[in-house]
Amino acid sequence: MKIDPSFIWTAFIQLLSAIPTTLVITAVSVSVGFIIGVITALFRLYRVPVLSQLSTAYVTFIRGTPMLTHLLLIYFGLPVILDGLSSWFGWGFKSASIPMIAFAFISFSITAGAYMSEVIRSGLLAVNRGQIEAAYSVGMTTSQALRRIVFPQALAVSLPNLSNSAIGMLHGSTLAFTVSVVDINAKAQIVASTNWKFFEAYLAAAVIFWGLTVLIERLTARLEKRIQIYNRGGVA
Amino acid sequence: MIQLRHISKSFGRQQVLKSIDLTVNQGDVVVILGPSGSGKTTLLRCINYLEKPSGGEIAIGDFRLNCGRATKKDIHALRQKSAMVFQQYNLFRHKTALENVMEGLVIVKKQPKEEAKARSIALLEKVGLGSKLDAYPSQLSGGQQQRVGIARALALEPEVILFDEPTSALDPELVGEVLEVIRKIAKEGITMIVVTHEMGFARDVANHAVFMDGGVIVEEGSPAELLYHPREERTKQFLKRITPELNYSI
Amino acid sequence: MGAPFDFSFVIGAFSKLWSMLGVTLLIVGGSLLTGIVVGFLIALPRLYRIPVLEQFSKVYVSFFRGTPILIQLFLFYYGLPELLKLAHLDISRAPVLFFVIWTYGLHTGAFMSETIRASVTAVDRGQVEAAYAIGMKGAQAFTRIVLPQALAVAVPVFSNMVIALLKDTSLAFTLGVMELTGKAQTLGALTQHFIEAYLALALIYLVVSFTLEKLLRAAERRLLKHEQPNGAERRRFRIERKPSIRGMYAGIGAEKGGAKL
């Protein structure tokens, strides 16, 4: 077996068709994860009884276990639960009708939610207590103070970590092959399986992922610059 | 005796020290005054080679060093002749007060631990911190940290102690305790060069005052002379600006 | 799908999986050691600004942080033998575990080097100056003053890295290594009790990462004992957090990107 440089290019071209799948999985898990993250972070910050304990347990469990186990548990567990409920209530719904990619969406969103919960929580904690007091002092309600004063500042602080989470989810989306979703990684395997040029195929895949990661980093840097204008100069 | 000859220093194209000559006799307490950016801190740091002078000659005691061709060994030898007290204290954060003072004795002077410890405790008692031996810097007030810094410098028995604005970072109510300690050791005849903004201290403790501006020594003389009868226009203006009783307009 | 849920299988699977923990820990330990060495080698050119090597370090870090570990595993498994063949080294018969540990090691090295770099730069410049001022030499100042303080800054990040690595090793099964995840899959397929097997798997990871975190937290507390003035007392009187050493970690950014496999 010799390295075949021309096949790297061939593989690269073929892999391009799988980029949308990878990006959709990433986008869905990051967006849903963000919503889960904000909600659970607020539960924990405001010490809402029961819900805050549940949130902590959720975050601890997810962060303490590999993303792969989440996917496997959802893939095998969710149909059992859904079919059970379905026959109990007579919905006439079959878990077999769930598309494979949905498992990836659900499981990865759950994973992302836990990580983002931590990011958002520390971002909110980083906002100076005086900011909220000042908001109250000009007559804002709690929700106004959160929306208009705290969130924008917390977001600016958490941006680098949120971007890291997004990159983590982009890389994590390679796990989708375990539920037969054809993302970039799975496609590389398929492309190479005809001629066993695995190295070339994965090299092409690596280049694509590398490019996408750099792209996310660049976009974040640009966004950070815009969002943090108020932080320019001074001690921050 | 300390002798600086033609010390110059540039940062990029900006010349901060322009051929400075200064002689300090054994047992002198010299204060260096001047507006910020005048080069006084840079000069002090050059004596300890924390800044590398662009040229000139430094002599401490019988050790002479030509800044153009100083080797690592020379620099190391020069540093052993002096000690520094920093504006931001710079105590070793991961070591207790006692360990901070012992560090130089054990590691640099290779003294036996027990001996170093006894000496360090004595010095910390001298600066009034006998009860804080095992406290970490983060558990001490600024004034206490600076007093540990002074004990650390004293421990090495250097030919000269360099003070870089030792009270500038302190809360006003803590300035007194630190100045008191410096005053006390000044009386013991230790040679000191002090960069400071404390005019009262300069007047009462120093026996020689130097005024710097724009990278040169504008004038020098006895503190009383320099503070009350300055000869140079630049000195007069500086003193007018910082002496509150002369300048009430706000 | 599979047999009906049976909780006793979770316990059975747990004890069966527990016996495979050694392989997972071996991968973690081996890659960590490799990663520390690689991390220093990669960090030094950037700390001391050595031309060319510095550029190489940047590209190295960017690549290993910019591509998924799963891709890296395949890349090295298929590519390394070819690459070394050019140097007349035949490792195509080396055990899979060898490739796995190397890949995770090189991967960890990239993150490690960022941690080392960030921690060393986090130590205040004044600390080195003070060390010089009392007459220490460069090496003394580094080992006695900078390193201990940098270590204290690095430990929490390091601890995150170890746990991320533990979780990442769950991918080694894709190359056929029989570690925790691989074993769980086999158990599931054998008994058709997939859910139970994977629940047990998750529990084991949870227990191990929890234990590791506790151990590393204890180490951190020891290294940072100088940063906790008067313990609880201070915490009670302060509403907002002061920008202490702890706060700096957030800014370090060498931590593994948020979600990890």
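Each chain gets a letter, A, B and C, in the order it is written, and its residues are counted from 1.
Following the convention adopted for this analysis, a residue touches a chain if its C-beta (ideal position, glycine included) is under 8 Å from a C-beta of that chain, and two chains touch if they have at least 3 such contacts.
These numbers come from a predicted model, not from an experiment.
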Chain-level touch network, classified as line, ring, star, complete or other: line
Chain whose average C-alpha position is farthest from subunit C's own: B
Chain with minimal offset from the mean of all protein Cα atoms: C
Subunit B and subunit C: spacing of chain centres that average the CA atoms, whole Å: 45
Whole-Å gap separating subunit A and subunit B, where each centre is the average of the chain's CA atoms: 55
Where subunit A and subunit C are represented by their mean Cα positions, the distance between them in whole Å: 20
Partner subunit C, residues of subunit A touching it in the complex: 1-3, 33, 60-61, 63-70, 72-73, 76-77, 79-80, 111-112, 115-116, 119, 122, 125-126, 128-130, 157, 160-172, 174-175, 185, 188, 198-199, 202-203, 205-206, 209-210, 213-214
Footprint of subunit B on subunit C - complex, ascending: 124, 126-127, 129-138, 140, 144-145, 148-149, 152, 225-230
Complex contacts: residues of subunit C adjacent to subunit A: 1-2, 5, 62-63, 65-72, 74-75, 78-79, 82, 163, 167-168, 170-171, 181, 188, 194-195, 198-199, 201-202, 205-206, 209-210, 239-241, 250, 253, 255-261
In the complex with subunit C, residue positions of subunit B that touch it: 48-50, 72, 76, 79-80, 82-84, 86, 88, 90-96, 103-104, 107-109, 136-139, 152-153, 156
